[in-house]
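Worksheet: one structure, shown below.
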Amino acid sequence: MTQSPRPIRIGMVGHGFMGKAHSHAFHDLPLFFPPDDLGAYPVLQVICGRNEPAVRAAAARYGWAHVEIDWRRLVERDDVDLVDIVASNDVHAPVAIAAAAAGKAILCEKPLARTLAEAREMLGAAQAAGVPHMVGFNSRRYPAVQLARRLIDEGAVGRVYHWRAQFFNERFLDPELPLAWRMQAETAGSGALGDLGSHAIDLARFLVGDIAEVAGATEVFVPERPLPGRPGERAPVTGDDAAIWLCRFANGALGTFEASKLAAGHKTDLSFEVNGSAGALRWHFQELNSLELYSRGDPPHARGWRRILATEPEHPFAAAYWPAGHPLGYEHSFINQAADLCRALAQGQPPSPDFVDGAACQAVMDAVLRAAKSRRWESVEAV
Amino acid sequence: MTQSPRPIRIGMVGHGFMGKAHSHAFHDLPLFFPPDDLGAYPVLQVICGRNEPAVRAAAARYGWAHVEIDWRRLVERDDVDLVDIVASNDVHAPVAIAAAAAGKAILCEKPLARTLAEAREMLGAAQAAGVPHMVGFNSRRYPAVQLARRLIDEGAVGRVYHWRAQFFNERFLDPELPLAWRMQAETAGSGALGDLGSHAIDLARFLVGDIAEVAGATEVFVPERPLPGRPGERAPVTGDDAAIWLCRFANGALGTFEASKLAAGHKTDLSFEVNGSAGALRWHFQELNSLELYSRGDPPHARGWRRILATEPEHPFAAAYWPAGHPLGYEHSFINQAADLCRALAQGQPPSPDFVDGAACQAVMDAVLRAAKSRRWESVEAV
Amino acid sequence: MTQSPRPIRIGMVGHGFMGKAHSHAFHDLPLFFPPDDLGAYPVLQVICGRNEPAVRAAAARYGWAHVEIDWRRLVERDDVDLVDIVASNDVHAPVAIAAAAAGKAILCEKPLARTLAEAREMLGAAQAAGVPHMVGFNSRRYPAVQLARRLIDEGAVGRVYHWRAQFFNERFLDPELPLAWRMQAETAGSGALGDLGSHAIDLARFLVGDIAEVAGATEVFVPERPLPGRPGERAPVTGDDAAIWLCRFANGALGTFEASKLAAGHKTDLSFEVNGSAGALRWHFQELNSLELYSRGDPPHARGWRRILATEPEHPFAAAYWPAGHPLGYEHSFINQAADLCRALAQGQPPSPDFVDGAACQAVMDAVLRAAKSRRWESVEAV
Amino acid sequence: MTQSPRPIRIGMVGHGFMGKAHSHAFHDLPLFFPPDDLGAYPVLQVICGRNEPAVRAAAARYGWAHVEIDWRRLVERDDVDLVDIVASNDVHAPVAIAAAAAGKAILCEKPLARTLAEAREMLGAAQAAGVPHMVGFNSRRYPAVQLARRLIDEGAVGRVYHWRAQFFNERFLDPELPLAWRMQAETAGSGALGDLGSHAIDLARFLVGDIAEVAGATEVFVPERPLPGRPGERAPVTGDDAAIWLCRFANGALGTFEASKLAAGHKTDLSFEVNGSAGALRWHFQELNSLELYSRGDPPHARGWRRILATEPEHPFAAAYWPAGHPLGYEHSFINQAADLCRALAQGQPPSPDFVDGAACQAVMDAVLRAAKSRRWESVEAV
């Protein structure tokens, strides 16, 4: 006899952009992934934020049952099974550590922390408490990205020689855009590096493997910005506007990376390409439903980049949605992430990517910041 | 003093592919379009289907409160404000006519009917009853398609010389694919022409204007298919596998159209292009978030096709979703459609496109079928 | 013992756009295709034009040894082996017929003639005289187009269901562009249909086969244009600005065609796509070095349009030029045409495409013009 | 009174791939750029190579009047005005220095030399002798690249923040490809860095400006290769298979570069992108006729990447060839280079890019090699 699916009561800390993305994913999950199939389903139990009117409005809009103003209370609630951290980066460590201590499962947005030290502390706390932990690298969960992983496993790339990844937008081009937490090293740990670059690093680790060493540079192109709510005042920007870096992977491949918020012409533009002895793969977020494959296994007169539309029933996650050829969007990566998380929790399996992955990504970012300062190649520390 | 938003209790007839798309749209609507802004919100009141276990499963999955097995009972329920018809085409007319008689607002999937005569009856019934009526040409409601309309209004195309539109997939390539209602003229009215071509015709009417006359051909490439549930038996396919036609618009422009379900390489591939005296526009469903514009207003040395990513706050519908550059998918067209429908009902305005548009599209399809048979150019009848 | 390569002394009638393209091709041929390999090489013997200073300038620029003012004299010269006709369409028939009577080999630009009757006369004359004859459908001779033919032969497309081809430019958008011979039915036979559409028809015949019947429309969007050299005067445009037509091939496939000189956004934009039971191919002149292939033979999870860069040594003509990956341009189609012509003449083989192909293309254009007038489907006459 | 155009008698050292490209360019130049317009025209006077049968064959094929076996004799000939160096990199310096001493104008293929020291010597010799000198960075001379320079001058990019350039091919993927001079540091100076990367560096300097410092890595993925002509023997590869590097420009912009001959999926794939405060530009060699422009000057609702087909009469070099929309290919960059060189010589102006540019590019490569070894950022030396 099959068991009833298990409710997973979620307490979410934060209610901004990521709060909307996560709320929507939990809201939509059962329509596309039936609870009976997953063995679990999310319950939008408590949402938390410091600004009470704002958090109440978010609760009403997204369908959260309860509201908390203090995350410490949320973490201690008996009716919460999983703490979902979608607040600014400086809040990740304290909430996660408290949640672990309270025995809650944890989903934490990327980047896991502001520093490698914080990330290690979070990982240690989760491991010590024995709670399930997951980091929100949603980019892994586009069907086409999962397909890339499968094709690599099938040998489509062979020995990897080259990797490149970029994550660009142009949001900071306007010098009058006011200062925000994502621009400040104190709250965010870094700037474009952590906010955008962390996705690129995680995809590199997911698809190629560990990064051994890096060289790089960071830059603040707009050194001062208006202080919000204080007309006429400006303050220095302490997080990087852009970071560029090279790496050597543990397997000997070379990698190049760019992350920038002043890249005119690019709007949320994440992309990667990997080239190896047997072929190559590339993917662009702006055409997220397709993956391009170049295979040296094709006959020489008919060899070329092949654009695979990853919307067939054969493709990861695709069967949950629409008939072949109907494009998915950004938000589906969060639904897929929620599906995998619920399934893992139902089956008592560790979710992936977890805080080890989160900390490993942080170790690369840490090395990039060190390299930018030392002006040398720097080794990536083990987690 | 602002009024509370008005609940719109929906009774949906059908629960297949379109039933899922509509259910999801009603489910998601309030997250993206707050009821206070729209003045209304949908209530998933009753879902109807002949197969009771299947309709009960759909009700549970999508969150419908009640179930009916007979659409006649659904239409008569007091707790239904709007009848949403997502069943096979042969059911559109009887349900719509009964719903109108019962004073219900109506949303009917495309194509509106099997024949022009049916469409006229439906339109007549809705007009006679004075109920709001809408036809589900969801393709109009991608932000990039709405942007096309706006740019045309701004003069970006000028006098139109050429239009072309295609809607291809490759679903019928396999000759062993069993017969289904979409392949039979008795249930569907036509084949690829009505199922796919109707979208292309509606976009032509939306962006260029009325179609005056057509010449064309239809073809059944796989004349017999297996009968589902009757091993070894085959029956003739009566709906077209493919239709191609030319048109002259009332404004003198020339148009070409193709609709096919045996177009290898294409999966749900709707596209259009319009060329005029001032410039041109083109759009592909597979890159649904962008619109391409060619403007003769650009300086000669810097003139070219410009790919506009229609995800900026300036773009239709886009502000409801995510920050600039985050792709939307197929299903968002239905959410946008539901938003416009709710807003229209709240404001007492007629929704658009309505049964007049549905019948006008049917009139073009009718002319295409006549022309395929007569082997002559045929005039499109007035609605 | 190998024979010395044979000189082919050319007499070229005309010296405009096509005269430049042909002159350049003859000039460049030996650098890329050594005479010893071809068994022949062209000699730029005589160039002919009515405007003596202009033809003398062209002779000097392109390296022609002699000049004639009257094509009748050119045709009769003993030192001419092959007459190359690159003048306006009204001159094709008289020159070709005289050349055949004089026993010369003939290369004639496309479209072969103004009418089917003229084309038949030319073909008859060439056949009666037993001279080699070729029509200048240079578009066949891009490496990627030849590769398409090879892939079709290998079964990449299977049974053909659909063909579409377009040839667009925007040269006539400006209503003040003066009248020219290409706009006048008297000199050109038709307008965009013959000038552009003939390429599309020839590719259809080359890749799919004979066309059985057509329906279509032609249009003159700018009915009057300034008369060159007569300020303030205008005259009617008698050749079509645009033509659109449908066809049925003899093998049952459906085809759509468009040719227009008022297609904003398009500059010399020839493209085709063919879809069949096994796959599909498409090609765009603007990316002339690549051919796209969609193969249903690929595994379902890795199927997609593949862009083949036809610059490998395995690809037709490519080895004559540069290492893999170096793009060729427009003019190389003429060099390749000249190479095949010289090789055929050296080997005593009939060149291809020949006047039969030219007349067959003319028969399709004839049927399109009849269909545009009769407003019915019209059969294509046998040559 | 206009002067007759001046003959420029060329002595070319080398007759391989680049010898073919240069020969063809000189051969074609007068057809597209009339000598009267340029004021000069090339004469294919002497070709030189060590392998007498091979060089005689090349002379016959490409139309060179005389042959030399020893470049020292070529340099001393009275009937040579310009020495064109297209041989392996180790020959560049001795030939150029001797040519300068003999008072000849010099065109030298890129990279100018094997080392910065060699490049400085060559520059010094040319300057001391007062002879015109040019380095063959042909990539600057695609119409679309020249258009990029023009648009930057017009302010289309504004303050530059980012530059990236890549030059990839996949020629060395096969580990059995025999050793050749381009793989050996002794003859080539470096590997992919010099052969491919030098183009990317020159474009960076042309479009953004001087490079101040670099960090990078080089790699030999296939450490040993078969020795040609000595079956069973292998020898170490001493030139890099791939190089990746970052830079800071003197103006503060960040840059990233990649050059590799083991980049599966890429065949002669040079590309760049520049992003600034006002917009962005990008170009790919594989679509060499178009330039993409993103302009923040466009209205927000109609902003996007614009693909400009640089084949209009308004575009650099384009008017010399074909009507708008007819693609040029690889070889046209050499024709354009020859045109500019002849014009400069006719007018007594210094050609551009010259040995200063060649040496400046070499200084960047020198810094990359130093940085790869020191594992630090390294300053680029002044020329």
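In this document, chain identifiers A, B, C and D correspond to the written order of the chains, with residue numbering beginning at 1 in each.
Following the convention adopted for this analysis, a contact is a pair of C-beta atoms (placed from the backbone, for glycine too) under 8 Å apart; a residue touches a chain by one contact, two chains touch by 3 or more.
Bear in mind that the values here come from a model prediction, so they are computed numbers and not experimental data.
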A-B compared against B-D, more contacting pairs: A-B
Reference interface B-C: repeating pair among C-D, A-D or A-C with over half of contacts shared: A-D
Separation of chain B from chain D, taking each centre as the mean of its C-alpha atoms, in whole Å: 54
Chain centre separation in whole Å, for chain D relative to chain A (CA means): 42
Distance from chain B to chain A - Cα centre to Cα centre, in angstrom: 36
Of all residues in chain A, the ones touching two or more other chains: 266, 305, 309
Complex interface listing, chain C residues touching chain A: 147, 150-151, 156, 290, 292-293, 298, 300-309, 312, 314-315
Touch list for chain C against partner chain B, complex: 157, 161-162, 164, 168, 173, 215-217, 219, 221, 242, 244-246, 248, 252, 254, 256, 258, 260, 262-266, 275-280, 282, 294, 296, 305, 375-377
Contacting residues of chain C [partner chain D, same complex]: 17, 20-21, 23-24, 27-28, 30-31, 34, 61-63, 169, 171, 266-269, 285-289, 309, 311, 321-332
